[in-house]
């Protein structure tokens, strides 16, 4: 599960891959927020065009997008079924007691397009550079050092700790643990599983801390890698910012 | 339970980020006051990964199964670190797996983070009641409370967020019923997490009390601590 | 004894965890620069504890430690000594191999250029240059071991301690490690259950049991003494067992 990482296509070469990561994150996140402002259906086509253009420019494969839309798309799908049946007074379609309402359908369109566009631009943002570069960029953009250090260490040991858990679960299953109900036995066993995972993690953390101390942790500073910014990076970020402002402005204008 | 992108109005998302920023600043300040942050960093980071991994564990609740929230337990083990740990866990989920959302990262963090911090404070109360000694009944009961109330608070915050966000045209009565139904459906989960949290904190106290956040540990040593440990090879 | 001539001097070193029985009892030891010392003994004798004491990560209950003539203070960072852990996963805590090897030099306050030079040099010496951009969990056991060694060597230590270096290595990786250590110029202290490994790499062997050094001498003498080995829960390595004694299946 952990190996199909979001940056599996970070090695490709496209204008978006070449966009310096700090400016890319700033610009695309501004755009994503602007999208979340949109409530007027007339702005949706523009959103779709911008999103499509960005994705095509990124040269990321379509199956990448499709695969990553699956899980979150499931919840959106549920809304897509519920809302038209419950929201609004204007009935488009009636089949016995079930009425499909216009306002509900329009709500669904709005939510689905917003969700799709935000997710796609998010993938363009984080799928076109290694995940760790993104974390370093966030640090450069102002994320507190403690948080970014925590992210890097947590990310580093995610795989090992995940493996610990898998091994323990396999061991349990091989000894016949196949829970069916949340009864006392199940809860006790899962409680022991969680407890054991935490104890093993604690002991691992102690060893890691010793290893860090042995190589001077606490005695020096990490040198930050200098990122080379080109004028194109800054211009692209400004363009993205203006686009974001345009969407927000348009929304307010249409809404007044 | 994480809220995905595109569903909430922008004002709600921004408010969520504001609250999360405040919560993070508060937690970092409290962390700085206590121990040496450099020493506690590796532990907090690895626990962040451990709780992230633990959320993959699910409990069968017929007809379906539920993933563990462990909000109460995070408060008991991480203390103030629970807030940044939750922020980071949700960040991983949003960026690496597209669970939850980028615009809703603030809202989601607040939804789980505030209950975690509250659960931490609730669990600490066992020391006041048991007068700093380890009394299994009191310890376990407060563990249960931390787990139970943790989930309850998450549900309450989720309801508070979703109620004003539902499209205006929706039938108010139907909407309220739906949300109430979802909230009630979580009551069994509150009990499950309550019992689970009680079990895990008791396990930890007996096996390795240092795992629990300092504030939360009773003063008397556990029986294990007077037995000489096997020296490392 | 002139401390300036020794790499390591332990004087009356004792250690016990609070309210627990003693792990090390009044240890006396001197290691000269350039020596390659093997440390053997049954599990639980405190080899890892001893290493952590020597490196200043644990505080002695009594006694003194001198590293190249200077007393070793608890908590001090002495880059002249390096420790390679038993489990390289615990030691490779950075997101990429390059970042990890750079960690030590960065904490030494070196310039970026100097850090890069040291990283390159260490990766080349350990044969791990092509692994530079990989995340640690994508490495095999042998590769992790060599990267962990690179991370320690990047600080240019004069004394390196290896804790069970050949554990979990396949035959090829183990052989590569033996050749690497045979060519090393630093003072070495190696703890291992792999007695053949010790025979090939070390010129002196210490036997640690019950918190004390019970034997100290040439590898063949110590490892080849059946009574001594058996008395301390060990066996002679296969190559020292005469073939007149039937011991194959």
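We call the chains A, B and C, going by the order they appear; numbering starts again at 1 in every chain.
Throughout what follows, contacts are C-beta pairs under 8 Å (C-beta built on N, C-alpha and C of every residue); 3 or more make two chains touch, one makes a residue touch a chain.
On a predicted model such as this, the values are computed, not experimentally measured, just so you know.
Ranked by the number of C-beta pairs in contact, the top chain pair here is A-B. With centres defined by CA atoms alone, the chain at the far end from subunit A is C. With centres taken as mean Cα positions, subunit B sits 21 Å from subunit A.
Centroids of subunit B and subunit C (each the mean of its C-alpha atoms) stand 41 Å apart. The centroid of the Cα atoms in subunit A and the matching centroid in subunit C are 43 Å apart. Residue positions 152-153, 155, 157, 204, 208, 212, 217 of subunit A are each in touch with at least two other chains.
Multi-chain contact residues of subunit C (touching two or more other chains): 93. Residues of subunit B in contact with at least two other chains: 42.
Put simply, subunit A touches subunit C in their complex at residues 132, 152-153, 155-157, 159-160, 204, 207-208, 210-217, 219-223. Per the touch definition, subunit C reaches subunit A in the complex via residues 52, 55, 57, 77, 79, 82-83, 85, 87, 89-91, 93-96, 103-104, 106-109, 112, 115, 135-137, 151-152, 155. Those residues of subunit B lying in contact with subunit A across their complex are 4-10, 13-14, 24, 28, 31, 37-39, 41-50, 52-54, 56-57, 59-62, 68, 70, 73, 77, 84-85, 87-88, 91-92, 94-99, 101-103, 167, 169-171, 174-175, 188, 192, 195-196, 199-200, 203-204, 207-208, 210-211.
In the complex of the two chains, the subunit A residues touching subunit B come out as 5-6, 29, 32-33, 36-37, 39, 68-69, 71-72, 75-76, 79, 83, 86-89, 101, 103-104, 107, 111-119, 122-123, 126, 131, 134, 144, 146-147, 149-155, 157-158, 161-162, 164-165, 169, 179-182, 186-188, 190-195, 197-199, 201-206, 208-209, 212, 217-218.
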